[in-house]
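These notes open a run of structures that come right after.
Each of the next two complexes has subunit A plus one more chain, namely subunit B in the first and subunit C in the second.
On to the complex of A and B.
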């Protein structure tokens, strides 16, 4: 029974995607849309296989993932520390809050020209931009997580013998983990989006650079194939994050759903 | 010497609008060793505030709380607390919740396992040791919360409407379990509730508080034969008389509070 419903659910999720791809193939094959403008899905598929088998994809993917996940790791470390500091210390909150508010509406990719001047066309420049883009969701979520720790949990721990000093480790950190994880889940796709944006303009390698290269040469089937393969990687990364969160935070009510 | 001595406690605080609100005024109560005392009063009378001051979570504006003659300066393991909202650590399983206080105390792990097993059995939690709080019913959660507090063996048990969120049937079962535990462990209990029935059924002494600012209105000694079954106790004439006595005292305060917060047309002025 459960197997059947799962198959049905997967089928109903795949149906719209299959319809889109079929429509794509029909439009291009019948000539309604010129393959000059949009390559056939089938030729994109062939290109995708070639990209994967020849190792071209892997070579660029490694660079993009290194940058995206490197930047994300930095945002996680700095974001959690900053979030905790802001939530637990009034002076820290007063100091960082205006900075965070200022950084919030700024499109982080607008900083790419500046980082190029500072750090050149390097991994470091890309990682810096990704770090800034991922930082805010993690800071904001960590802050809310720490702030929303129920006072009765703190009180219970205190009356069960936990000292003021140990509250952070014993109660506040575990209680805010689901929020931090949620911040991470929001920051992950942002890091994937930003890495491509950065590589489109300021990189000699990486998936963004590959897409740009195929685009300017007019090799659209390979360009589309690169995009689709990257989408697949990003999708898998998100599912892995969700699955991992559900396993690690099994105790948390909200991880049950979605 | 009383176990808990509350001496002329007053607590005022600033409301969000900036007004000074007096939650309790000049409250003095003594709770004897092994005594079971309940506090009842209209909602907002400051009975929970009083309990939080005794627990050491909230500092009084004036007055003092002494436990075994020593002034309270903050929360401490000599006073165990049970909240209405259970306050279990959601990231810990049932048995790890019960273990929490023992870990803080530095109890050796084999000893800890033994204590946990005893409380799991005492509270009827067999088979649920490895469940997380979110997987439990309200009644079950409250049993875990009680086990967590009792396992630490506090001298005094402070309970803040612990059965307030439970349905009537579960509530009665929990009351009887609490009485059994109290009789067996001989601890001192201070129990806050808004249910007159519950207060009279459970305690040896009921403290009635006035509407805000909360003061002591009356203290009623409850002399019930607790060796009998629940149905015999609650249908007895003594129970009826005591319940009515406390109920009238509380009702007077509820009406007073109501009159204060409504105008001459009976409209609500409280907001």
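On to the complex of A and C.
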């Protein structure tokens, strides 16, 4: 029963997307939109299959994902540490708070040319920008998470004789996890945006480079196929993060509800 | 007052001083990190001769036009989704996709469709930022107090008037939340598009400086971008507080 309603819901959600794709095919087939401007969806589909089967997609996708997720992993580690430090130590907060507020409104992709000058057209340069772009959302969210820990919880744990280290591990970290996860969820799409930016501007490999290459050669069916495939990957990555967060933090939702 | 300011921002002064000393000592090559004073001088000269001001105006024009389109489109779509089930059914999955995918992948496609001048940039900015405005408008319109709508209807308020007098004002704080998410996205897309496709603007200026290893120009452009980011954010916050106060009255 539940399975059936789920399938019905999925079908109802897919129908508008299918309608758009069908509209695309009809417009290009009837010649209302020239295939010079927009290749047919069917030929884009054929190109997508070819890209996936021939391994071209995989080869570039691995590079893009390595950069995006590598940078994101670094910003997660550094961001959580920095957020914790700022939330628990007054001098650390005093030192880093002006820097964070100064750099927060900077559109981080503006750092792409800078890292290009520092590290050349390399994986390292890409990872550095992605790290910097993902860092601040995680710092800010971790900071708020640690700050939001119920004071009463800490007091009662302390009065029961809990050691500081145990307090951190059993109370503070679990209580701030939902916030950290939220920071990660904000940083993930940012890392995809930045990796595409880097690869469009300065790269010899990667999905952004592949799209740009097909575009400048005028191979538009392959260009659109690459765009669609990467969009699908980014969408699935976002869904997985949300789903995983719900599963891991289920206890949190329950405590909120009760 | 000045003392509090110095204490509050001592880390900035410390970073600036370290930067100047390290750069002057020659430990790092000039084109990696020019002294802050040299960058400041370049920045001041380029502001004075109008170069940075002009390029900033070009970028802001593109980003703000696209942003404005996104706000209009997003509010209309969000309200439509809250009001009509069929609109919600059709756009729900599209918004979910639009919200979580990097629209910058479409830069080459937009160059093909709309050329490399203002139009393609403005439209991609709009397409990238419309989704967060849509979602927050939808949430705002859904949370309008049902009793307000009922009582307005009971008093014979027309649907159009209901929209302008009840639904939109009630959704306004949500709409501003969406706008605050959309604004940095607009800037990111505008800058990157300029880096890829050229046609002037701060992004173009910055990438050209990087290509020709003109480090002070690169950092000056970066500071200009930071200033534009801060200024637009402040302006939006100001408008928000003004509008919200005015609505409450």
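Note that in this section the second predicted complex is superposed on the first by the 250 of 258 C-alpha atoms of A that agree within 3 Å, B and C clash if a C-alpha of one lies under 4 Å from a C-alpha of the other, contacts with A are read in each partner's own complex, and residues count from 1 in each chain.
Rule of thumb we're sticking to: contacts are C-beta pairs under 8 Å (C-beta built on N, C-alpha and C of every residue); 3 or more make two chains touch, one makes a residue touch a chain.
Fair warning: this is a prediction, and the values are worked out from it, not measured in the lab.
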| item | value |
| --- | --- |
| Which superposed partner A:235 touches (first subunit B, second subunit C, both, neither) | second |
| First (subunit B), second (subunit C), both or neither touched by A:153 | first |
| Which of subunit B and subunit C A:174 touches, first, second, both or neither | first |
| Which superposed partner A:40 touches (first subunit B, second subunit C, both, neither) | neither |
| Partner, of subunit C and subunit B, that touches more residues belonging to subunit A | C |
| Partner chain(s) touched by A:215 [first = subunit B, second = subunit C, both, neither] | second |
| Which of subunit B and subunit C A:67 touches, first, second, both or neither | neither |
| Interface residues, subunit C side, partner subunit A - complex | 8-12, 15, 31-32, 89-94, 96-97, 100-102, 104-109, 111-113, 184, 187-188, 191-192, 195-196, 202-203, 206-207, 209-210, 213, 215, 218-219, 222, 225-226, 229-230, 233 |
| Touch list for subunit A against partner subunit B, complex | 150, 152-153, 155-162, 171, 174-175, 177, 249-253, 256 |
| Sites on subunit B touched by subunit A in the complex | 52, 55-57, 74-77, 79-81, 83, 85, 87, 89-93, 100-101, 104-105, 132-134, 148-149, 152, 154 |
| Footprint of subunit C on subunit A - complex, ascending | 12-14, 16-17, 19-20, 37-38, 94-96, 98-99, 102-103, 105-114, 116-118, 189, 192-193, 196-197, 200-201, 207-208, 211-212, 214-216, 220, 223-224, 226-227, 230-231, 234-235, 238-239 |
